[in-house]
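Next come the structures, one after another.
In what follows, subunit A forms one complex with subunit B and a second complex with subunit C.
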Partner chain A sequence: MKNSFTITVHEIRSLFQEKTFLLLLVVFVIMTLASTFISWSSQNTIKQVYNVAAEQMRQNGKVAPPSPFTNFPHLDLVKNMIIYVILIGGLLAIDMGYASGMRERKAGVVKLLFSRPIGRVEFLLGKLLGVSFVLAAIIFLAAIINVVSSTALVSLTVQDIINLFSFYGISLIYLLGFAFLGLSFALVKENEVVALLIPVIIWVAITFVLPELTSTLYPTGLLNPTLPIVNIPQSSTLQIMHDAVYPFSISEYYKLSAATILNINTDETVTANQPGIYYGSTIFIFMLLCLGASAAAIYSFDKSKW
Partner chain B sequence: MKAEKQFIIDIQSLSKKYGDKFAVDSLNLKVVEGEIFGFLGHNGAGKTTTVNMLTTLLQPTSGGAFVADFDILKEGVEVRKRIGYLPENVQFYDSMTAYENLEYFAKLSGISKPRNRILQVLEFIDANDYRDKKVGALSKGMRQRIGIAQAIIHEPKVLFLDEPTSGLDPFGVKQLRDTILRLNKENGMTIFMNTHLLSEVAKTCSTIGILSHGKLIHADSLKNTLKRFSDESSLEQIYLKIEKGEGNEK
Partner chain C sequence: MNNFLIIAGKEFEDILHSGIFLTVLLLLLGLTATSTIVSSLVFKSQVSAVQKQSSSLPQLFPLNLLRGTMDYLEIVGALLGILLGSLTIAKEKNTQTLKLILTRPVSRNDILFGKMLGNAIFIGIVMILVGLFILLGLVYIADVSLSLTEIVKLLLSLAMSWLYIMSFFSLATFITLFMKTLSNALLVAFTIWLVFVLILPQIGDTMDPDNQVPGGFFASIHFNKTQEKSVLASFSSYENTRNFIEELSVTKQYERVCFALLGIKPEFNGMQVKDILNQRWTEILLVTLFFVAGTLAASFILTRKDILFWDYK
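This part shows the complex of A and B:
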């Protein structure tokens, strides 16, 4: 356990020397800083468009309907973060896991490390803790940025802040899955490119392909973190495809969980069919499966090869 | 079954098979505590595979060994507490300084506050000047010395060296030889050295073993070996003769 702690500290320090990680981190932080303003700007644009339309109706002697845009939920300001977590956060997490798993191989110190009294489990634990700690710190930073930037624009309630931190909690679990996936393939795959490519392909499948086969059956967009407004189009083929693919559509579950936690949807069509905990649990199971993959990877890691 | 007390390395029918081919074939070998053992053999003879198994980096296909009285199969952690290892072409975390690398490996070897020990070891190998230099900027010879430092930082009983002189210039070879001899003489450390540099064996080792195609074909003290092949003018000729199977009865 003491060795795991030593490795964890080493991991944290080494991660901040990785250029790709730093680049993705900077992009993620910039987008987090911008997210609240972008949403606030979108809301204002919508309101202005309504005002212009309402004014034109009044000039034409018509009565404008009351604005449906006066009461945006407070956390609507951070809804873009759902997409940033899925896109930038996912890549960042994979890169962190990959860099961590590949570090000793690239440095050529595998033999030096494993000729010391450390076990595979201790080694893996140190890596997992290091990656998890850094990812948690990034997520916490994003949460703080959102709290501060949102507070400048709207008055957040205690419940809003709890919801915001809950959203980042589920985001952390989601991202940990990808970090563990990156770590797993970096440990077992001999070819460095393939080791990075496989988790990226899985990320692409989870982020784009599966939602394409499921959520575009709904009238809502591919990446929009909004719940379906109407039911699936009546087609047996589409229904079969949806039923077959949907259980694996982790990013869909994440979007639904996040949207529900942030209270940015009013339509509960889907969550009414499946309790909210179902989606959160699926993300947790995804993370556990990726953790299991890391455990399997460390047992097949060849200590004498690199 | 414990190894006899005086043997710090006791290899018993150790084998490693890759597919149909034996990299190491039923190796039996004993190394007495305090010796400098030279493990000779051509490239691909199985020397590195043997060291990988003795350092518990590689699982044998069959057989086993005791290192410092601990079973490499069942007591890997205990074995690793008592060994130091310098792989061929040693590498480090290049972005870290020599001191930082040593600190990390020392902590992983169980030294919680390694500062004094690091300074002591750097002094011993005369590498204090490189302490705060990034390892990536060090020459091969300097890295090899830092490699020795990481291997001895926790004061192991047995030091495994895999082709330690590989790529070193004559000055580096001499420095390394002097360090090995001092470690053996001053600290009583047993040295197990893989090499094919016969001149170094003659100057450093007290006992030699010769491995050919995974099989041990000769094991004796250097003195006895030279005596047995007194007709030969150099260790190289003796080695070639033994390799050919002439007069290699153990």
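This part shows the complex of A and C:
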């Protein structure tokens, strides 16, 4: 256990020396800072757009429908973070896991390391704890940034802050899955490009392909945090495809869970047809499966090779 | 034979023997096929729904079905370009053969442009295969036929996709020459890809007033395009800022050209090819400039001695 702790501390130090990790981290922090302002600016503009449109309708003798924008939930300001967690957070997490798994291999110290009394489990545990700790710290930083930036624009209630931290809690679980995937392939794949490419392909599939198969959404349709109206056309083939693929569409589950926690997109046409706990549990299972992949990877890890 | 052509031939052969390239190629073709099939099924379902309600069908534009395919070419096509660009340099750096080749009477530009030509041919073949998948999907699944003009528009979209993928290829070539390790080069290229392909378009998309309501704000109040434009005319500074952010992305420039050619933007449906190209020449020029900038940067950095192998100090 002491060895695991030493490896964890080493992991944390080493990650902050990785330039590519720092680059992605900077992008993530900048977008976290920008996200509140982008949403605030869009909210103000759409309210004014509605007023101009309503005035035009009145001038043409029509009755304007009531504005759907009178009461934005406070946490609507952070809705863009759902997308940034999926896009930037996902890639950042893969990079962290990959860097962690590759570190000793690249330095050529695997044989040396395992000549000491360190077991595979201790080694893996140290890596998992290091990656998880850094990811949790990043998520905590993002939450603090959002609390500060949102408080500057609206008055958040205690419940809002609890919801915001819950959202980041589920985001952490979602991202840990990708970090563990990155770690797993870095441990078992001999070719370093393949080791990076496989988790990236899985991320592309989860983020873009599965939502298209389940909801017939265009791949870039996912980039908008406003949940689209999902209306599967009357086609038995599409319905079969939806039923077969939907249980694996983790990014959709994450979006639904996040939107529910943040109390946004409550329109009944777009909300989920399962209780929130179902989606949250599925994300947790995804993370556990990726953790299992890491455990399997460490037993296949050839410690006499590098 | 010219050195440049020999290098191009060797490059092409290497690609065909590489498992990584073939994996990504199969992924791209699989995604194209998936997207075309899904769109075709949706299309057929909508056509039968309309037929149940009335005997006459509205005018249909089959190329509109390629929105999803274009999205995949935007996302995965750029990734393919990055991989090809990174690995073409990485294999030489790994084996330190760049140094060896340069002891022969081969110029640095022969190496760069030979590699580019080999990859350009490969990407061209990929685009032809994508085009065939699209045609098969449209004809046999969506059950539609294409006119000659539509085939020309499809071919031009694929040519534009080729240029777009090549622009990411040249960017990745430059980054890999510049960086000290392959994994760092790939991750930097992926970060740039993330910003250009996903984040900048996402910001523009999120700021779009119409996207604030599921299904579209203007559709929800039954406003047509003319009415929408007249409302948004009062918000020109906001719209200009949004447009500027989108225009920073080469992906958005590429998308605008292809969406116009394929009529995915409805105002371009039925328009002559010449008129579409006239309206979108700035975007075509910007994608070309992105490609040229990447190529020039790679050519410039190749003159440095310290980039011929990894971990230079």
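By our rule, the second predicted complex is superposed on the first by the 275 of 306 C-alpha atoms of A that agree within 3 Å, B and C clash if a C-alpha of one lies under 4 Å from a C-alpha of the other, contacts with A are read in each partner's own complex, and residues count from 1 in each chain.
Here is the rule we go by: a residue touches a chain if its C-beta (ideal position, glycine included) is under 8 Å from a C-beta of that chain, and two chains touch if they have at least 3 such contacts.
Model, not experiment: these values are computed from the prediction.
Contact with subunit C, but none with subunit B, is seen for A:194 once the two complexes are overlaid on the shared chain. When the shared chain is aligned, subunit B comes close enough to touch A:6, but subunit C does not.
Annotation for subunit A, partner touching more residues between subunit B and subunit C: C. In the superposition on chain A, contact of A:58 is made with neither subunit B nor subunit C.
Of the two partner chains, subunit B is the only one touched by A:114; subunit C is not. When the two structures are aligned on the shared chain, A:304 is found in touch with subunit B, with no touch to subunit C. Across the complex, subunit A is touched by residues 52, 55-58, 77-78, 80-81, 83-85, 87, 89-95, 104-105, 107-110, 112, 150, 160 of subunit B. Residues of subunit A that touch subunit B in their complex: 2-3, 6-7, 10, 14, 17, 103, 107-109, 111-119, 303-304. Of all residues in subunit C, those touching subunit A in their complex are 20, 23-24, 27, 31, 34-35, 38, 41-42, 44-46, 48-49, 67-68, 71-72, 74-76, 79, 83, 86-87, 90, 181-184, 186-188, 190-191, 194-195, 198-199, 201-203, 205-207, 209, 211-215, 217-218, 220-221, 223, 227, 230-232, 234-235, 238. In the complex of the two chains, the subunit A residues touching subunit C come out as 19-20, 23-24, 27, 31, 34, 38-39, 41-43, 45-46, 48-50, 52-53, 56-57, 64-65, 68-69, 80, 83-84, 87-88, 91, 95, 98, 102, 106, 191-194, 196-197, 200-201, 204, 208-209, 212-213, 216, 218-220, 223-229, 233-235, 237-238, 241, 265, 267, 269-270.
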